[in-house]
Structures are given as C-alpha cells and as structure tokens.
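Naming follows writing order (A, B, C and D), and every chain is counted from residue 1.
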C-alpha cells in the first residue's frame, strides 16, 4: 500500500494488474520544454516486449502506450504525464487454476495474507507486466538525460558468465543477439543454454550489468539518498532481483585499502575505478557500473506440489507462456530504472549550491 | 541537499559533522506509549563505539546520547524524539593537512565539487560518525519491535569467510569476540588477520550478514517499496557498503527454477528458504537474511600520492586513529538500519486492509 | 511541477488537461477489502457535472469514470486504483482565440511564464475539469469513512448570505435546489440572482460552508500537519478559492478569551464549539465546520481588453459555456477534498499510540 | 506522529516540548554557499521573544539558538543545519496544577486522547514555544531570498482594525510600536486596549496581514501545491490561527467577475491586484498579500470550570505569565512561515522548464 511511487522530483507512480483493462502511470516533475521522441519510447517498449525471440515468453502483448496528458504539440508542458497501456492479451482462463492456489516462490501467498483480497489472475499486481510502465517513464528520463549514456547487458546466464570487465566488451553486440549479451560467441552459447532449459520446462537465473557514462559530478544526496543506495533500491524493486553490487562490489571486500583506493589524476579523474563512479554517495564523473542478480523464474512447466488457501497439498502444473530466463527482457527495465534514478538526482543536484 | 531523512512513518532525520559541536537527529513517527529502555540504547552505542577493542580505531568518543524531547516519564509521547551526541574528541588539528587535499577514495572531492564549500575536518558530513545517530534510532526501533529478533555478524574479513549457512552458526558467540563473527575459531583467525593488516598500516574489507527472525507476514509495500528494496537501500546508505544480496542472492542466479523454488508446507511455511523471507516484496514469515559488502577503509597509514584542489599532485600520509577493518563496528549499524526498515513497514502494514 | 499528489497515506495523484484525450488519477493507499459502491461514485460525479441545471455551464461532459485497476470483484485490493475520465466534449476550436492571448485573472499568463510551453485549450491543466478526479477519489474516501458525515452547502452568493449557524439549517434541502443552499426560500433568491447576473454576461462569487460530523477524536498530526491546516490547504487548492476559516474564524478574532473558550461537559464534549471541532490541530469529537470563499469566475461574456504574449493590447470576448457562479458545482468538490483529508488522518491516527 | 516536517526541498523538521531540556530543529535542503548573518537571526528571535514589552508574556526565555551543523566558516555547506534552543526558564511547578486537568480550548484533552501519554507541562508539544524553531528557519530562508521582501503587521486587535489597504500604510512604523501595527495612532489605541484586557485577566484575538514583494513570477506547483494553498497551510499551522485569506479574500466573494478581474498592462503587470499576486496557484509578480486570523489566547487569569481526566468538574485558575494578545509576537512567526513557503517554491521553480 502506498509504495507505488518512485522518485522525489522526477516521480513515477504506476498502477495496474496484468489482467485488468489496462496498466499505466503518471510521471510528475518532468520539466517543460522537452521534445519527446515517441519512436524512441516505442523502441524501448519493443525491447521489453514478450514474443520478440524464441527464448522469451510467447505471450502477445502489443505494449503500445497512449499518452493522455502533459505533452502538447510534441513537447512536455511541465504538467503530469499520464499514460495507459491496454491489456489486450488477457486470456484470463489461463489462470483459473491458480485462483485458490499459492504457486511456489510466487507472491500469491504474501499478497493474499497482506491484503486479504487479491486479483489472482496472472500474478495481478505482482506480475512483471507492471514494468512496462517503468520502461515508458525510463524512456522519457533518457531523453531528458540525452547527454548521458546508459547501457545494460546480460553478463551471466546460470553458470555461463562474461568474465571480462565492461571496458573489454563490445556494446554494439548487445542488441544484435536475443540474449542481449555483449559478446558474439557467448551470445550463442547462452541462447542454446536457455533453449535447452526451456525444453525441460525449467528456468534459469542470470545477471545483468549496467554502465552509466558521461555522468556529471555531483549526483546523489547523502546521507540516506546516496546515489548507489537509490540505484540499489531501484534495481531491487524489479521483479526477481536478489542482489545489487556496484564498483568493486562483493569482490572488493577481499581487497586491501592500498589496492582498492583509486588514485587521482591531476584533472580529478582516477587511475582505477573500484569506486564505480560514486564516492560518498555522490557521482565523481567516472563511469558508474553495477551488477544485478536475477533469480530463475518461478513458473516452471513441470508438475509441482504446493498448497491452496485452505492449507491443502495440491498438485499443480505450470501453464501459460513464460520466460525460461528473465534477463534478456529485463535489460531495458534495468536501464529504465537507472534512468529514473539519474534523472531525479540530476534535477536535485541543480539546487545543491547557490 | 535533502537526503537526510529515512523512512515514511517511522522517520529518522539526522544532522551533524564529525568535528562540529554535536551530531544528532529527530525520530518522528514513533507511536506513543513505548517504554524506553535507556540502558539498551547505551549498550547499542557501546557496540558501535571507537576504542572498544584492539582491532578498531582508538579514537575516544563518549558517544553518550542526550534526549531532548518526545520521551516523558520514561515513555514516548508520540511527539518527535530529538537527540544530540556531543563531539567531545574533536582534535581538529589532526585534519588540517587535508584542508585542501582530496584523499583517494574518500568523499572530499565529490563533496567539494557538489557543494563548493565543505567542512573538511575528518570527513565532515561524510564521516561514519553520523551512523551513531542511526544506532540511537535503531535501538528505539528494536524496542518497538520487541517481538522480532535482528542479528548481524561478520561473515567475512578479506578472504577469510564463514562458509556456513546462518542456521549452522552459534549466534551466542558474536558478542564474545571483538570481530563479531559467529564462530569461535574463525574469530581468532580473523582478529589476527586484522591485526597483521593494521601493523602494515593497511586496511581490509569484509562482509556482514544479518538475519531477521519472527517477522510477521505482510511487511513491504510493492511495487517500488518492496521490503528487500528498502533493506537494500538502507544497507547501501551505510558508509563503505558496495553490495547487498538477500536470500539466494548472487549464487541464486546459477540455479534453475526447479531447484530454487521454495515448496510450501501445509501451514504456509516453506521447506527451503531461497526466497530469504520475502516474496514479491512482502515478508512471508520465514527468516529474512541478507549479506552486505564493505570495501576496505580508504584511510591507510601509508604514504599515497593524491591531488589538491588546485589539481597539483601532492604526497599525503594517513594520520589519525582509523579502523583497519570496518565490519566489527558496522555490525550494530546494520542491525539499526534493518530495525528502521522493519519498524516502518510494520507500522505501514497495519493499514493494508480494513 | 511535482505538485499533483495529495495526501500522505491515502494519496491521490491526478493528471490531465481539459482538452486532451482524458483526465485521470491514481489513488494509492486505500486499504484492501473496501466494497465499492459504484453508483455512489456516479452520483457524486453527477453533482459536479456541467449542464445539470440552468445556472451552471451548459458544456456537455459525460464525466463517466473508468476504473482500470485496484478493484477486483467489487472490492479494493490494496493496490493502486487507476482511473480515467474521457474528454468527450472537447470542441477545441472554441479556444483557438486564446492561443496567444492571456485572459484576465486566468492562469494563462502564469503558466506560460512558468513553463514556457502550455496547452492553451480551455485552460489546459488549470481548468477546473481536473476537479472531476478529486470527486472520484473523494467518493471512495467517503466510502472508507462511512461512519463520518460530510455535508457542504452554499452559504452565500455575492451579497446574499445565509445568516444562520449550520445547526439552524435544514440539510435535507441542499440537494433539492440547483444552488445547493440549505434554505428553501434563499435558494430561490440566489437562483434568481445568478440568472440575472448570467443574463448580463457577468459572474459572481460566493461561499461554501462544510460540516463534518461524527469525527473520531484524534485526527490531525501536529505541529505542521494540523487537521485544520491540511483542510485549509485542501480547500485553497480548489480552483477560484480565496479564503478558508474554521470554527469561529475571522469573527473569532473579535472575541475575548473568556467568551471564546469552549467549556467542557463531564463527558469531554463542549458546551460551545468556537473551536470548530479541532484543538491544537487534532479533532476533539465535536462537529468540524468551516467556510470557503470563491471568487467570481474570471470568464465573463463581455468584451475585455487584455494582452497577448507579445505584450500587445487586444480586445477579447469571452466565449464558450461557462458558469456564472461556481459555488453550486463546487459543493461536491469541497466535500471530496474534505473526505480526502479526513481519510488520510484517519489512517495515520491508527498509528498514534501502541 | 509524523507531521513535524514542513517543505519539500527546503525542509524544516522541529522537535521539542516547552518544558523539556531544549527545543530545536533540522533544516535540510538549504543550498550550500549561503553566507549566514547570525545577527539577523538573533534579531528575528528578539521579535518573537517573551518579555519584550508590557503587552506580552513576561516569561523570561533567552531564546538563543545554537547551531550544531551545516554551517562552516560562516557559510552553509549544503548539509543539514541542526540547531537547539535551550529551555532555561522552565519553572515546571507552575504547571503541576494542570497535570490531570484539561484546560478549556487548549490541546490538553486532544493530545491526551490521541496519544494516551503526554508531557502536560506548559502545553508540552502544543505550546507556541515550538514556533521559535520556525523563526530560526525562517530567518535563514529570508537570507536565501534576500531579493524578496516579506513584511507582516498587526491589522486588527479585537474590534480595532486598520481599515486601509496595505499600500496606504507606513511599514516603517511597524517595529516602532509594541503592537507591531503599521499606523502610529492606531498603535497607541491598540496597546491601551490590550493593557485594559490584560488588567481584566482576559485575552483578545486579532489579525495579522502580510505582504510579500518582489516575488519572481512562477512560484507555486499546481494543482495541489498551489502557492496560496501552501501559504494557507503554513499560516493555519501556527498556534491559534483560525483563518486565512489572500488577495480579495472573503470580501471578493461579493464582487462580480467584471469588477474582480485584474486587467493587464502591456508589461504583464496588472492594473488592480484582487488576485493577491497569485493566478492559478502561481505567482504573477505582483505583491502577494494575505490576512491571518488569530483567536484569543485560551489561558485567561480568571477562574474557570473545567474537567479533569476522570471527567470530574473542577475549578481552575489560569496561572503563569501569558500573552493577553498573541498577535504582536506572532508577526515574526507569520513572516518566518511565509519565508519557508517562498524558499521552497523558489527552489522548486528552478526546475520547471529546461
């Protein structure tokens, strides 16, 4: 309850269940005068869309967004930007078997206990369909930040991992393969792995890495709203995310201070970047980079024992058209959430000093 | 800058620099009628205090808190709880050498660029001294949540790691050793390691794990204010933190859905707990557990090259009395921030349904 | 920018311009399990609707609301309630004459200067059409507060004023006359007055009074979010409002303390109610009553000199179908905003003490 | 209770009871680099201080503020400004007679019912002593807004009223008389009236008017956070306030649109200013002016019947040193709250357009 708004100045509030008439949102706080590139928004939506390749869910969602306010003659007016996305492929009958059943490692049980009454169809509010709204808002935030470059890519699928720093990768590969990884050969290996797992009716986890480049110095609001703290929250709010690390991350805990410290160059840049572009919660102008861990999708096309709301053990069989691995479609969502965080701090930072 | 408040209903706002007259805070939203155990607050402050053992900084801070409002005749009144902690051991001269120098991997550079004018003494606002205020507020939150048990411990120091699940550890060991790890033998090994590193004038990173037990079902406010997202933000807002993972975390990305899913027992509990006590952003009643990565302290007692505000290369030598490893003293801070998150969601959840 | 959300826990965010495709909003924080009476919502919308009588604007807006989320099988689910209201009667050509003209005492000039780019059609975001969304949310808040009675009525039109305390009025008259005043004879006088003014192409101001009965003791969050302070803000945020007073109000400034103090009865109620049901910012269980001042509508069907965006003097003639007096249609808006305030404080107050 | 913060970007959070060790607050969001004039702050505190003349309470409060953070070498650093004001003249015994008694038209009853446990000494949190913190923050906000002029004055005491528009008054008189009215002769009349009422052990209400000049165009954030709505909330949050009106106010309801509309001059200024400097919730560059109604102080030095917490009728006699009329000392509080509102919107408005 009441946790459906993200941001302080550039604020996104979303609504909608996967099988209601529509999902949507309101972006409040986008400055007036921003020329909107609608094609760019559509392109981002396409990246998140189901059915785009053989390794993602085959649900058919049109995912076309209708803007209802806040944009006039192609430019933002400073008033709230309301938008909706119709739910066209609802197929509610697909979900009747779970009306009274709590699927393992889904949110059915917790939503039922917390609220007492829930829309059980397709996950309802807990469905990742909600993230389409984040992509819309993120696409606008990206346009506001047109001088900043945000690039996410799949860095691991199960045990298969890109074991290179991002600086050794070719980002131009990312959108050329359905896995959205930044290495041509690994892309094929990962794709085959996901297909094999799908054939077994199983799913697999993975990792997305993200790099934000050309960030101005000064973004982030210590002590609680540190740049990386808000990025972490943003990523952890995405469905299926289990972890977040930035800069040297968990590996950095093994280093000594003398190894980990980033020496300055005379121009204020640093010779290494263990900091991940953030010092004391504030961007230092270096690249921000971070990793996000995604668990394997909980819906498997296998028979599982579970319970119903009466506490009876029941057998259930996953149905529907689900993602065997969530990370390829989550890449644009990671970018969108990163854009929302950066846009908010970019606005706030304009007020840091006289 | 307006990032100094944490929480929605149980709100902490802090102020203070390491070398000003005092630090302090305001807790707004603590319900009336809570009997305050002042000894328990003092005990938490003692755990965070410098000088408590040979492996932490030898600064002498009294860290005694003075409550100025909101508590009357030993009980909260529902009005804001104002408190201050005097800065008694300021030794400002210790820091004159950094007035114009940016220490590597400290926040000197970013604060200077963001604000144009900063209190350079001892890190100023970016000093971890500020976390003393969090411990005060966390100690009160713990009392509000007296039915919930929050336990943090050091799970790794550099390469030395407790390679056991928390369920195999003896939590009663934690406060018996200066490292605050949950294993008697490892405690000695870690302590010796930290001492050796200290002797070299160097520092080392580490990991803290935290377990929250007896959590009611229903805490967390999707879609953005998911329980684990807010926990992640809370932890990432602590000085020196580089990563956060909960439940199966980064390791969980390697599993398949059929392995990772937590099967239900008829009573709604689960047979495994890869979920880490949270499903869809809402607590499910199982133990919440998570790991927090801390980088090595940036202040080393070695000579380092760095730059000053004119962009000139200067030689600097770390001075002062610093922690060779931050994790032993960060254990109560992790618990405090966890308590703030849980208290806030516990209050919010009372309003989830009619 | 960013001022389109009202409330702390029971939160309404609205969007929409008068001549875009739709207006709408998101209600976040309504507890789950509330059975929604859709007819009651429609009834409130009818009260605000244009064209309902001869003394209000004859625009034809259907004002039918479509709920998109947050309500399932007739009950709230605790997730955000998204809704839209289509703009069916746009007639954009009516407004082409003001594209480049600043109408006197309208918001054209200030919106243009603040945002640099605005939807000039029919007032755009500054149109009172936006209040339809408030009525939707208020209607749901009223259902949440079904034990509390909120009654607003027109207490003056121009110089014509009901000079009686609300306790001497017959509230059952209010909805029986198009003016929505609480006196049968005065209703006729006021109606004729409005008609005469309309015939002259002019407009007139007025006052709405509101009474909230059966309010539990304890609502309001001092020191800043006092019950009457938030009520005042709510009312002042309605288009055309110029003043707010509660209890003894401006007249009370002329009294002495010995006259103004409300003596207690043994049961905690008071013998008089100069306080207006609020002491120290907290409801005391007595009736809350307040007055809201509305200026005359700025659009008059007369020729006026004004300026265009080039600073040239131009002649303009009000067109379109406007209200000669805004108060009859503002009655449900006042009630709606009052309901939003009370609902929010009612939820907050559940957390005041252990 | 979580209503102790005011503002969105320039945020004040206060704490403290009248008879605890201290009151204080945190200002978060003041930009870095503002040179602080401490004498100007002291001067504002002197204006609010008890004991400054024969017509105000003779309590002796030193009201000297200690800044604990956020200001370094005389300039703000962008970090939170923490401050305390000691309660030196507590005389707690003065209040023992009300421990168990609810004073008429005070907040004793409502605080007791809402929180169950309260600091009964001298009003505790509901005491106007808290407003000293607002004056501190307001004095800093004024310095941030050094190009804007905020002037408040007493416009009525009981039936005695300055019946002139502010443009006909001599503001240089205000601080020359203890009533703080803007007319030399009326000042004497009002002073004598207050003295006569004081002699009777009674109190009297009054009105404060405030004018804000040289306001940039564009301040205010529709639709809910309209400039006048937030000003209204700010004023209504001050102790004893019963009403707020701006521009033409309640009198404006009697006018016709043709009389009330403010005609533009070619430069965008207006020939009249019924609008009170605000159109559509946004400042238009004209003077902002408004009136604030204060009830008579509830503490009278006469015998009154009231009840105790057992619901028994008891006789009580006002003791202590109270204000016979609150408005002279409330003048700087009105200005302070106005400054907080303007500072917040001034910062927000920097982000309205690209």
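Worth pointing out:
Going forward, a contact is a pair of C-beta atoms (placed from the backbone, for glycine too) under 8 Å apart; a residue touches a chain by one contact, two chains touch by 3 or more.
Because the structure is predicted, anything quoted here is derived from the model rather than measured.
Taken together, chain A and chain D share the touching chains B, C.
Comparing the centres of all chains, each the average of its CA atoms, the largest separation from chain A belongs to D.
Matching residue numbers shows that B-D is the pair in B-D, A-D or B-C whose interface repeats A-C, with more than half of the contact pairs in common.
In whole angstrom, the spacing between the mean C-alpha positions of chain B and chain D is 39.
Computed centre separation for the pair chain B/chain C is 46 angstrom, with centres defined by C-alpha atoms.
Put simply, the C-alpha centre of chain A and that of chain B have 26 angstrom between them.
Residues of chain A in contact with two or more other chains: 1-5, 9, 14, 29, 31-33, 78, 114-117, 125, 352-353.
Residues 1-6, 8, 14, 102, 104-107, 109-111, 113-117, 125-126, 130, 156, 158-159, 197, 202-207, 217-218, 220-226, 228-230, 232-234, 236-237, 239, 242-250, 252-268, 270, 274-276, 278-284, 291, 293-300, 302, 304-307, 311-313, 348-349, 352-353 of chain C touch chain D in their complex. Looking at the complex, you find that chain D touches chain B at residues 1-5, 9, 11, 13-17, 20-26, 28-29, 32-33, 66, 68-70, 72-73, 75-82, 84, 114-119, 124-125.
Of all the residues in chain C, the ones that touch chain B in their complex are 9, 29, 31-34, 78, 347, 350-354.
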